[in-house]
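Here's the structure we're looking at; comments come further down.
As written, the chains take the letters A, B, C and D, and residue 1 is the first residue of each chain.
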Amino acid sequence: MSVLVRRSFPLGIAAIVGILMILELFQVGKEITSSAAMVRDWVVIISGFALCLGAVHVTGFHVNQIRKRTAGRWPFSIVLLAVMFSYIAVGVSLTTMSGTYRWLYDAINFPLAQVMFSLLAFYIFSAAVRAFQARNFEAVAFLLCAILVVIGNIPSMPLISSALAQIGPWILDVPTKGAFRGLLITAALGIIVLGIRTLLGRETAYLGRA
Amino acid sequence: MLKVGNFGTFYLLLFLFVLTLLSIWLVRSKGMKVHVRRLAGIDAINEAIGRATELARPVHFTTGTMATLYGEEGPQILAGLSILSHIASQTAKYRTPLVVTVCHPSTLPLAEEIVRESYLKEGRADEFRPDMVRHLSTEQQAYASGVQGIFLREKVAANFMIGPLYADTLIIAETGYRVGAMQVGGTGTKTVQLPFLVAVCDYTLIGEEIFAAGAYISQNPEQLATMFAEDIAKFAVIALVLIGAIVTLFSKELLSLLKL
Amino acid sequence: MSEKKTYAERLRALDPRAIYVLLTLAVVVPILFPLGLPIQIAAPTRDVYNAIEGLKGGAVWYGIDLLAVSLPEMMPALVVTVRHLMTKPVKIVFVSFTSEGPMYYYKLMDQLKTQKKYGEDFAYLGFIPGEETAIAAYAHDVPGTAKKDYFGSPVEALPVMKGIKTAKDFALVITCISLSLHNDAYVRQVFTPFNVKMVQVMLSVNYPEKILYYPHQIVGALNGIKGATEYEQLTGYLGAATSANDAITMAHVLLILFVVVANIGYFASGRKR
Amino acid sequence: MIRLELAQVAQIWFSILLTVFVLSFLHSENPLYRLAEHIFIGAAAGHFAVMGIASIKIGLTPLQAGNILYVIPMILGLLMFTTFSRRQYWLSRFPIALIVGTGVGLSLRTVPQANVLQQISPSITLLGKDPFATFNNIILFVALLTSMTYFIFTRELRGPLGNIAKAGRYFMLIAFGGSYGGTVLTRLATLVPTMQTLLSPDSLIATGLGCLLVLGVLGYSYRRAKSK
């Protein structure tokens, strides 16, 4: 009984919902389409709960840090919780469209996301310096193509040598496209087979073991 | 009522469905055995955990940001999580500290359950601690900033990033390099991130390899058989492409002849 | 750590912090001191320049139809075209069909120093809601649709608005656009009925599709930040776009140098792993 | 000159200081970075909690209208929280199963079309409008077939098959190199506006102060590490 409820029920739910989504594509009937739309609504609602679960989890972790007075960490945890609860207070009482909420978002979330993306520019350089060394033939292929594309992306390049400027775009347009297409097709086969196995109840990673 | 545009989808799904069933049947009743070639990236996982154990420093695992289980990239997260169950068993066995970070919280209960069950299976249930699985943030870049911090503060010795990866991949991988972690990365369809994994990580699982990993690790005959099904499908697609090319080549020829 | 590294080995394994410092310099220096590195100037950009350069009096309709998210990409083009216009003997009537337009107007006026007087030489009529219908209404009856300027004075009281009734009364229509449907709306509602000269500043994402209006419906177009760079070169007002372009060029050259140096180090250190 | 309002000035100061603190991570992990990191995580956690509450409200509307079926996602959503329980955690499998099923279903209906059929159909035309186009089409075709061969797992890649797969591996390395080089431009396109903001007249003082703070903190921790 317990195995039936703990394992078979979830497996059944996943299979039914998955098949429902596929059937919707083939437009088998109005009932299917409307129930698929409803299930997607449900998923939005459940993901809403999941987002709240995330906030609870973050709170739990940092309350723990504060309680244990983890060295060098706990004062920051207080800041974190304070910021989080002020967002929730403003967002729930004044809504996200309010000026105060927008102020918070534009002062904190927006610039911080932007600067984290900027860090990528630094990292892409330091990673390149290590990776682009001509250790063997494979590394040469990798490095040469990358450099040719970089050269092609220099804005003044067409004025210096239009031939050199055209190699980079060619690499991106021809061999890269071809190789990535092959990669995508095989990965897709992997995805589809994994999906079919899930619908058949053979892929049980999401159920733990018992 | 089959719309013409979905014609191909239908037959492709049907074809793979039949192939999968057939391969499972062959294993079950005919005892077919499938051999899968060596995959260096997956073998490296144990090596990395071994190193972390020697150094007594933590192992980090993530399935990446942005994607959600209920979205189209859900299967790639599942593939990553099936590798997590192996990693967690290893860290349980060797008593290596484990940190799993989660971006979208819908993955959180699943990751937690997988780690918990792996510890249970190894008889180390008492060593499972809830803070092994941490949800840092749903926002991609906030998550990345958190992972950066964890890497430097806790001196991570092995880093695994397997799943649908987004731009933050390089932030995490470069920080991993900075703390001297051995890294294995892998992603299915996110081709934009693959170059960075290849450049920074010690081993990379490319494209379909992340789906093969589960079968390769478990050596479960049935899972291995589905690998066989996938390979047959690959040959079929290659044949289809070749035939398609020949047909279009000659139809073009025919067309130009007709015009003459 | 005890072993001393040779110079070659140091070149191979450049300290990431040195890389970060050099990259910062390569980006910051051109931002502070734009070099104006040459680039190829596209024909639609040159035609925008010629259209403004050729103005001999009359009035210009300037649409600031931008969303806040396009600020980094569109602000340089807005600034450089207005700066060019301000040197010509024309009256300028600014207007917005997006609610975030006024923010751009403030930022624009912050960056410009001009001899022209508000009310006499130029005016801002603010945001007019209603999307395509509003554009059409404005084109057919400017004072009747706007009524007041952004600061609350009645349109009739502004000397700059004298003699402006419909789109026909403008010598040139310029518009900076974030939403691709506005590109179409302007052509449908302003060009088609009134056959006026029009110039559009487009986002790079919209450019490949909307440039098809050139040269029949619109006489010129700028392609986002790239177009702004070209325009800054044409006019000689080196600004944000040129400095961004210079910074990107310098950074790319720096990357190539880094790779060359690292490889010299690799070969000089005996090609050890 | 138009005077900026106090709120705007405060916003600029906030954003600039946080930006400088994050950039200081390039040198080392330090208290200022940690502060920015925790503020960011707190802000994002708060933001997504607010979003989550908004999503839950979506379900309340049909429920109030009398659609009893919408009780199901409410219950399933609450079951997510059993993950904190040591004994009843298995209950969270029900919402997870629904979520996984949806994801698998959605990918099964889009992946065949987007990642297989639409990748094959533009690749099979070999003849182009000129010899160069034909050459390009053939290269692309070969790259596609060889890279697919690389992903054959149940046979050892030896002999002729091995050579084809090796060619596929090289094509993929070329692709990785090209893609890496192309991304450099994308990333710089974010870095440059960030730097322009830091150096704009409105924010120059804040940037300077931020840099001084970072230098102070780094210098202090360096001296402390040295004295130890």
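Quick note on the criterion: a contact is a pair of C-beta atoms (placed from the backbone, for glycine too) under 8 Å apart; a residue touches a chain by one contact, two chains touch by 3 or more.
No experiment lies behind these values; they were computed from the predicted model shown.
A.B. asks: Go through A-B and C-D and name the pair with more C-beta contacts between its chains.
C.D. replies: Between the chain pairs A-B and C-D, A-B carries more contacts.
A.B. asks: Return the distance between the CA-based centres of subunit A and subunit B, expressed in whole Å.
C.D. replies: Each chain's C-alpha centroid was found; their separation is 14 Å.
A.B. asks: Provide the C-alpha centroid distance between subunit C and subunit D, rounded to the nearest whole angstrom.
C.D. replies: Roughly 29 Å, centre to centre.
A.B. asks: Roughly how many whole angstrom separate the Cα centroids of subunit A and subunit D?
C.D. replies: Spacing between the chain centres: roughly 5 Å.
A.B. asks: Please tell me the distance, in whole Å, between the geometric centres of subunit B and subunit D computed from their C-alpha atoms.
C.D. replies: Comparing mean C-alpha positions, subunit D is 16 Å from subunit B.
A.B. asks: Counting only residues that touch at least 2 other chains, which ones in subunit C make the list?
C.D. replies: 16, 20, 248, 251-252, 255
A.B. asks: Of all residues in subunit B, which are in touch with two or more distinct other chains?
C.D. replies: 6, 9, 12-13, 68, 70, 75, 78, 106, 108-110, 113, 116, 136-139, 141-142, 145, 153, 189, 191, 194-196, 198-199, 206-208, 212, 230, 234, 237
A.B. asks: Please output the residue numbers of subunit D that touch at least 2 other chains, ranges allowed.
C.D. replies: Correct list: 22, 25-26, 34, 36-37, 40-41, 43-45, 47-48, 80, 83-84, 90, 93, 95-96, 99-100, 102, 104, 106-109, 111-112, 115-116, 120, 123, 141, 144-145, 148, 151, 172-173, 175-177, 179-180, 183-185, 188, 191, 193, 195.
A.B. asks: By the touch definition up top, name every chain pair that qualifies.
C.D. replies: Final set of chain pairs in contact is A-B, A-C, A-D, B-D, C-D.
A.B. asks: If you look only at subunit A, which of its residues touch subunit B in the complex?
C.D. replies: For subunit A paired with subunit B, touching residues are 22, 25-28, 43, 46-47, 50-51, 53-54, 57-58, 61, 64, 72-73, 109, 112-113, 116-117, 119-120, 123-124, 126-128, 130-131, 142, 146, 180, 183-198, 200, 202-203, 205-210.
A.B. asks: Under the touch definition given earlier, write down the residues of subunit B that touch subunit D in their complex.
C.D. replies: So the residues of subunit B touching subunit D come out as 5-6, 8-9, 12-13, 34-37, 39, 68-75, 77-78, 106, 108-110, 112-113, 116, 130, 136-139, 141-143, 145-146, 148-149, 152-153, 189, 191-192, 194-196, 198-199, 206-209, 212, 224, 227-228, 230-231, 234, 237-238, 240-242, 244-245, 248-249, 252.
A.B. asks: Contact residues on subunit B for subunit A in the complex?
C.D. replies: Contacts found on subunit B: 1-3, 6, 9-10, 12-13, 16-17, 20-21, 24, 68, 70, 75-76, 78-79, 81-82, 85, 104-106, 108-110, 113-114, 116-117, 120-121, 131, 134-142, 144-145, 153, 167-168, 170-171, 173-174, 177, 188-189, 191, 194-196, 198-200, 206-208, 210-212, 214, 222, 226, 229-230, 233-234, 237.
A.B. asks: Considering the complex alone, what residue numbers of subunit D touch subunit C?
C.D. replies: 1-2, 26-27, 184-185, 188-189, 191-193, 195-196, 199
A.B. asks: Please name which positions on subunit A make contact with subunit D in the complex.
C.D. replies: Listed in rising order, the residues are 6, 9-11, 13-22, 24-25, 38-56, 58, 60, 72, 76-77, 79-88, 91-92, 96, 103-112, 114-122, 124, 128, 138, 141-150, 153, 168, 170-189, 191-192, 194-196, 198-199, 206-208.
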